[in-house]
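Shared between the two complexes below is chain A, which pairs with chain B and chain C, respectively.
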Partner chain A sequence: MITQEKYRTTVKELLANGTIKMAIGYRPGSTPDRRRPLFIRTSEEADQLVLDSTCITNLSGYLVTEGLLSDEKQVGIFLRPEGIRSINILAAEYQLNVDQIVIFGFDSTGREVRPLQGRNAGDFSALLTEIKENPPLTSKEPLLERVEKMNAKERFDFWQEEFSRCIKCYACRQACPMCYCRRCIVDSNQPQWINTSSHTLGNFEWNVVRAFHLSGRCVQCGNCDRACPVNIPLRLINQRMAKEVVDGFDHFAGLSPTQEPVLASFKKDDTETFIL
Partner chain B sequence: MAKIGVFICHCGENIAAKVDCTKLAAAMGEHPGVAVSVEYKYFCSDPGQESVKKAIRENNLSGIVIAACSPRMHEATFRKACAEAGLNPYLCEIANIREQCSWVHTDKDMATEKAADIVRSMVEKVKRNNKLQPIEVPVTRRALVIGGGIAGLQAALDIANAGQEVVLVEREPSLGGHMAQLSETFPTLDCSQCIMTPRMVETAQHPKIRLLTYAEIESVDGYIGNFKVRVRMKSRYVDMKKCTGCGDCITKCPVKKISSEFDCGLGKRTAIYTPFAQSVPNMPVIDKASCIYFKNGKCKTCQKSCELNAIDFEMQDEFIDLEIGAIVVATGFQVQNTALYGEYGYGKFPDVITGLQFERLASASGPTAGKILRPSDGKEPENVVFIQCAGSRDPSKGVRYCSKICCMYTAKHAMLYAHKVHDGKTHIFYMDIRAAGKGYDEFTRRAIEEDEASYVRGRVSKLWQENGKLMVRGVDTLLGKPVTVVADMVVLATAMVPQPNAKEFAKTIGIAYDEYGFYNEAHLKLRPVESSTAGVFLAGACQSPKDIPDSVAQASASASKVLALFSKEKLEREPVIAVNNEATCAGCWGCVLACPYNAIEKKDIRDRSGKLVKQVAYVNPGLCQGCGTCVTFCRSNSLDLAGFTEKQIFAEVMGL
Partner chain C sequence: MTRILFSDKLDNCVAKWRSAGMTVIGPVQGESLSSYAAVEKAGDLSFGMVLPDRSLKELFFPQTEPMLRYTIKKNEIETADFTPPAAPRIIFGARPCDASGLAIDDPLFGWDYKDEYWFQRRNESVIVTIACTKADDFCMCTSLKQAPDCTKGSDVLLRPLDNNRGWVVEELTDRGREAFTLISEHIKESDETALPTVEVPEKFNLDTCVAWLQNPDNFDSKFWKEISMRCIGCASCTYLCPTCHCFDIQDEGDTYSGIRRKNWDSCSFALFTMHTSGHNPRATQSARWRQRIMHKFNYFPGKFSVNSCSGCGRCSRQCPVDMGITETLQEISKL
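Now for the complex of A and B:
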C-alpha cells in the first residue's frame, strides 16, 4: 500500500511538471486477482493506480504502439525486472529510445510489493546482473524438471501433445512484448510456410517458429503463458531456449540497452567456418 | 500459362546408365505446364545447345530446365544459350541428375523415380522465376600481391609490365623469400641469388609497383573488383625516407650474437639488421625484442652513429588503406620442424641439419662463405648422410603428401658437396627417387653417375653418436639387410609445410584451405590458380609444395587472370541479391548486424512533408553477395533473395 501511494504521488508530480506525458500502470480487473492496464494522463486517473503482488503482466509491449513515442516525449511505465529487460531488448532492437522511458520499477515477495531504485533503464544493470547470476525460480520449475528428464522422443511427444491443443488465436504473440513485427511470418502467405487454418496442421511449426524467434530474446515474463486460452506452458520452451543461449553464448537477454542481439551478430573470427 | 521446356541429357552413359531417360522424358512431358520434354546424348555439345535454342524459339518457351550435371559445370553454358535464343538467362534452371542421382545410385528404377522428383521440383521453381538483369560493378584496376618470394615477385612484375598498378606486401624486412636463401638451384645449378636479386631490384624500382615491406595484411573487405584492404606497416624504427642503407648503425650495434633467421641459426646478426647483404630494400630494422634500448632504456648507439638521423625509437605501427581490384596470394611455405623426429637427433646433435641449413652452408654469401663446414667444430665433413622424406610421405608422424622438391634438392646437395669436397663420400637414404620434370631425371642420374652419390633405398631407424661420429642405422631394402653408415654430418630433407599462420591468414582474406593449410584452388585441374573466392588468385608454394619453375609459372598464370579481370571497366555480377519489403520491415536491424558483407544500410522513409515516418533496411546491390544470411535471420520475413525467392523454394519443395 505504501509503495502504491508513493508511486501515485510520483506519477502525479511528473505529469504535473510535464516530465512525462503518460504513465502506463495497472488498475482493477474483472476479478480481485486480475489487473488491467491503465493509461494515466491526468491526476484523477492516477488515483485509479493499483500496485500489488497481482500486478504481473509485463506492460512494456504497449510502448511500441505505433505513434506513441514518435513525439519524442517521455512516457512512464510500471515494470518488474523482466519488464526492464524487455525494455532493454526493445532498445537494442531499435524499437524505442530508452531516454524516452521513465521506469517505475517494482518487485514483490509474497504479497509484499517494494519499489526498485532507479528511473532509467541503465540504473538497473546491477540488479539485472544479479538476476543473471541467480535466476529466480518460477512456478514452472517442477514441470521443467519433468520435461528435462524425458528422452528426445518423449519430449517430442509431450510438445506435440501440448501444441495439438493450439487454436492459432495468436494471443501469445499479441501478449508478448517481443512480438512487435508489423507482419508476423505466419501472416505472410506468399508462400504460406505455416498453415494458419484452425486445425492441428501447422500447430507444431507455428509454435516452434515462435520459440526460435524468441530465443535469446525471451525474458520469461509469462505473458504468453497467461494469454494462452488452452493453457499450453509456452514459457517453458522459451525458458529452455534462453538457457541454451546463456550456456552457448553467455548471452542473458536484456542485460543492457546496447547488447547486440545474439543471433544476429556475426564475427569474422568465429571458429565456425560455415559462413565462408 | 507456363510453357516450360525440359531437356534431359544422357551425359553419354554417365546418366543414361542409371536413369531411364526415355521414361523420364515421357513422364515430364505429362507434367502440367511442360510444353516440350526431350532427351539427347550430350546437350552441352554444339548440336545439343542448338536444339535447345531451336526449341525455345519454336515453342516460345517461358522457361527451361536442363536435367544434367551439376550447375557448377554448365549453368553458364545453358544460360548463354537461353540468352542467344532470346530468353532471359535467369529463366533457365539446372536439375542435377548426375552428381545427385545417377552417380550415387545403383537401382535404375529408383534412380529414375528420384530423377523425376528432382526435375519436377525444378520445373515448379522455374515457373516462378523472374527475369533478372546482371548487376554491373566497377573494377578498381590495382592488384595486391601478398608475399615477396619468387612467386610474388613474378606476379607483381608481370602485372606491372602490362601497365597495371601493383601493391606488393611482404611481411619480412626484405623481399626474397626462400629463394634468396638457396645456394645453387636444380636442375641447372645456377646461383640462386644471382638470378633472384635482379628481380628484387627490378620490382623495387618499377614505377607501377608500390612496395610495402615489413608489412602485414590487417583486414580484407569487399569483393572482386572492389576490395578494401588495410595494411599494417610494422615500425622499423628506421625512417625509410632518410636512410641510405650505409650500414653504419649495424656495425656499431653492441648486440651481435642473435641467431640469424636468414642463415637458419648458423650465423649471427645484430639487433638492428638487414636479413642479408643484398636485402631489398637495403634498409635495416630494429628487432625490438633484442634491442638493449627497448629492454632497459639505455643504448641508442645506432642512433648516435647514424649521420642522417634516420633512427626513430618513437616510431609507431601505421595503417595504410588500399582500394584493390584483385589479390594474388603468394605467401609461400616453411620447412617442417624436424624436432618431432627424435630418432634423427635434430636439435640434439649439432651436426644433424636441415636441407635449408645446408643451402646456407653451400651459399657463397652464407655464414661459411660457401665452404661446407659442419656446425659443431667448423671442420670439413668427410662423410655426409642425406635422409630423404624426413617428414614427407609419413602418415604416422609427418605429412601424408610428397613434398615434391626434396629428391631434387638432395641430389643437388650431393653434387654441390662433391664439387666442394673432392674426396668426400655421400650416402642418401631414400624411399623413391621422384624426378619428373624437364631435365630432372638427367640431373639425379648425374649425381649418381658423375658425382658418385651412393643411394641406399630404405628408411633410417636410429641415429646416435659414437666416438665423435654420427652413426646412422637403416635398412637397405634392396639388399634386405640392415646397414650402419658412419657420418660427420647428416642432412635431413624436411617436408615443405604451410606457413605457421596459414589458416588464420586464409580466414583474414576469406579463402579456403586444405587439411594442412595449403590454399585450395577453385578446381584442381581446370582452375588451378584461382582460389575459391572470386578475385583472389594463388601463386607458388602457398598452394602446394612447388619448385621454382612451377612457382613462377603459376605466378604468371595468376597475373594473366588479374590482367583479364582488369581488361574490363565494369564487371557483371549475378543478380542474386537480397531485396527488402519496406512495408513489412520492423526496423530491428538484425539483418544489418548479421550481414557478413556489411551490405545493409538504414533507409529513412519520409512522408510528403519530409517528416520521418520510419526507418527500414536497404540492401546495397553493389555490396550484397547473395549469401542469404539476412533472409534466414529476418523474423518478419521481409527479406527475400532474387533468384531464390521463398516462393520459388517453396514451389521447389512442394514439387518433390
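Now for the complex of A and C:
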C-alpha cells in the first residue's frame, strides 16, 4: 500500500509539472483478482492506480502502438524487471527512445510489493545482471522438465496436441511487447507465406515461426501464456529458446538499451560459414 | 406430474442414441480446456461447469473448413466439393446461451445465400439444453433479456434436480421429441420438482444502450477511444463468442491445385478491412471495437430484429486486458 501511495503521488507530480504526458499502470478489474491497464492523464485517474502483487501484465507493448511516442513527449510506465528488459530490447531494436520513457519499477515477493530504484532504463543494469546470474525459479518449471525428458517423437506429439487447440486468434502476438511489426508475416497474403487456416499444419507454422522470431528477444513476462484463451503453455517454447540463446551466445535479452540484438547482427570474424 | 430423466440412466441413453447412429456430444472437461466434444459414455460428460470455455458455435461453424478442391489442367478446371458428411448428432447439455447463439445466427446464414455447411449441421443436430443453476461474475444473459432457462435454439430443455440426480424434461420441438422417444423407457413420471434457476443480476439496461448506439451523433463520440484504449486487438472475444460469424475464404495450394477453405475471421484485426490500396476504413482499434458493438446491438438487430449477443460473457471472461461487452454497455448506460 505504501508503494502504491508513493507512486500515486509521484505520478501526480510528474503530470502536474509536465514531465510526463501520461502514465501507464493498473487499476481494479471486473473481479477482485483481476487488474486492468490504466492510462493516467489526470490527478483523478492517478487515484485509480493500484499496485499490488496481482499486477502482472507486462504493459510495455502499449508504448509502441498507434503512435503514442511520436510527439516525443515523455510517458511513464509501471514495469516489473522483465518489463524493463522489454523496454531495453525495444530501444535496442530502434522502436523507442529510452529518454522518452520514465520507469516506475516494482517487484513483488508473495503479496509484498516494493519499488525498484531508478527512473531510466539504464538505471537498472545492476538489477538485470543479478537476474541473469540468478534467474527466478519459474525457469525450473515442472512441465518444461517433463517436456525436456521426452524423445523427439513424444515431444512432437505433445506439441501437436497442444497446438490442436490453437484458434489463431493471435492473442499471443497481440499481447507480446516484441510483436510490434506493422504487418505480421501471417497477415501478408501476396505471397501468402503462412497458411491462415488453423489446421495442424497452419497452427504449427504459426507457433514455430513465432518461437524463432522471439528467440533472443523474449523476456518471459508470460503475457502470451496468460492471453491464450485455449491455454496452450506458450511460455515453455520461449523459455526453452531463451535458454538456447543464453547457452549458445551468452545473450540474456534486454540487459541494456544498447545491447546488440543477437540474431539481427553479425561479425566478420564469425566462425560459422553460414548466416541464417 | 413432471417427466424425469435420472442421471443413472444417462449412460443407457447415450448407448441408445449411439446405436441409433447418432454422435453424442456434450460438455467435456479436458486437461486444460473445456469444450463440447463427442463422448462414448455418460461418465465422460461434465455437468459441473458454469459453461464450457469454448462455445457451441464451432460444431456448426468450424474454425477452418474445406469447401472445394481445385485442379487446373490444360483445358479445364476440375473441382470437387467438400460438404459436411451426413452425421446425425445429439448435443446433450448445451447451455441456454450457447443454444440461443445458434438461433441468433440462423437468419444470418440463411439470409441471401443459404449456407449449406451451417444448415446441414443444424438440421442434423438435436440440441438438449440444461437450464443453469449456477452462474459466475461474467454471466449476463438476463441483461440481454434472455434467461438461465431460455429455450431459444433448443429442442429439449432439461431442468436439474437436486444432488445431480437428474433432470425434469421439457420437449420443445418435434426433433427433440423424436430423440427422446428413443429413450422413453428411461423417462419416469414423477411429482418431483426441479431446482430453481440461478438469479443472474442485470448488469446494464439494454434499451438505454441500444438507443444510444442508434443515435448517429454518438458514432464519433470520444467514448469509443476511451473505452478501447487498452484493447490489444486480438480475436479472443470474437472467436470464443457463440454468435460472431465472420469468415474469410482462402485458397491453399499452388497455381495448379489446392483447397479452398472457409476460416474464421475477426473485426478485431486491422487486416479485416484493409483495402488493396493500403487504405483502412477502420484504421484504429477504437474504430474496430466500435464496429463490434455496433454490429451486435445496432446493425444486426436492424436487419434481423435480434441482438447478436446471447449473454454468455465469454468475451469478458477470457479477455487478456479485462475488457468486454459487459463493461462497454455498462459504461454506455451511464452516459
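Note that in this section the second predicted complex is superposed on the first by the 268 of 276 C-alpha atoms of A that agree within 3 Å, B and C clash if a C-alpha of one lies under 4 Å from a C-alpha of the other, contacts with A are read in each partner's own complex, and residues count from 1 in each chain.
In this text, a contact is a pair of C-beta atoms (placed from the backbone, for glycine too) under 8 Å apart; a residue touches a chain by one contact, two chains touch by 3 or more.
Everything numeric here is computed off the predicted structure, so don't read it as measured data.
In the superposition on chain A, A:Asp247 contacts neither chain B nor chain C. Contacts of A:Ile167 after superposition: chain C is touched, whereas chain B is not reached.
The wider contact with chain A, measured as residues touched, comes from C rather than the other of chain B and chain C. Of the two partner chains placed by the overlay, neither chain B nor chain C lies in contact with A:Glu44. Touch criterion not met for A:Glu133: it reaches neither chain B nor chain C. The interface of chain A with chain B does not overlap its interface with chain C at any residue.
Interface residues of chain C, counted against chain A in their complex, comprise 32-33, 53-54, 63-64, 137-138, 229-230, 232-236, 238-240, 248, 250, 252, 261, 263-264, 266, 269-271, 284-285, 316, 318, 320-324, 326-327. By the touch criterion stated above, chain A contacts chain C in their complex at residues 29-31, 34-37, 39, 57, 61-62, 65-66, 165, 167-171, 173-175, 187, 192, 195-199, 202, 223, 226-227, 229-231. By the touch rule above, chain A contacts chain B in their complex via residues 93-95, 180-185, 188, 190-191, 193, 213, 260-261, 263-266, 268-269, 275-276.
Contacts from chain B toward chain A in the complex involve residues 507, 510, 512, 583-591, 593-596, 615, 627, 629, 633, 635-638, 646-647, 650-651.
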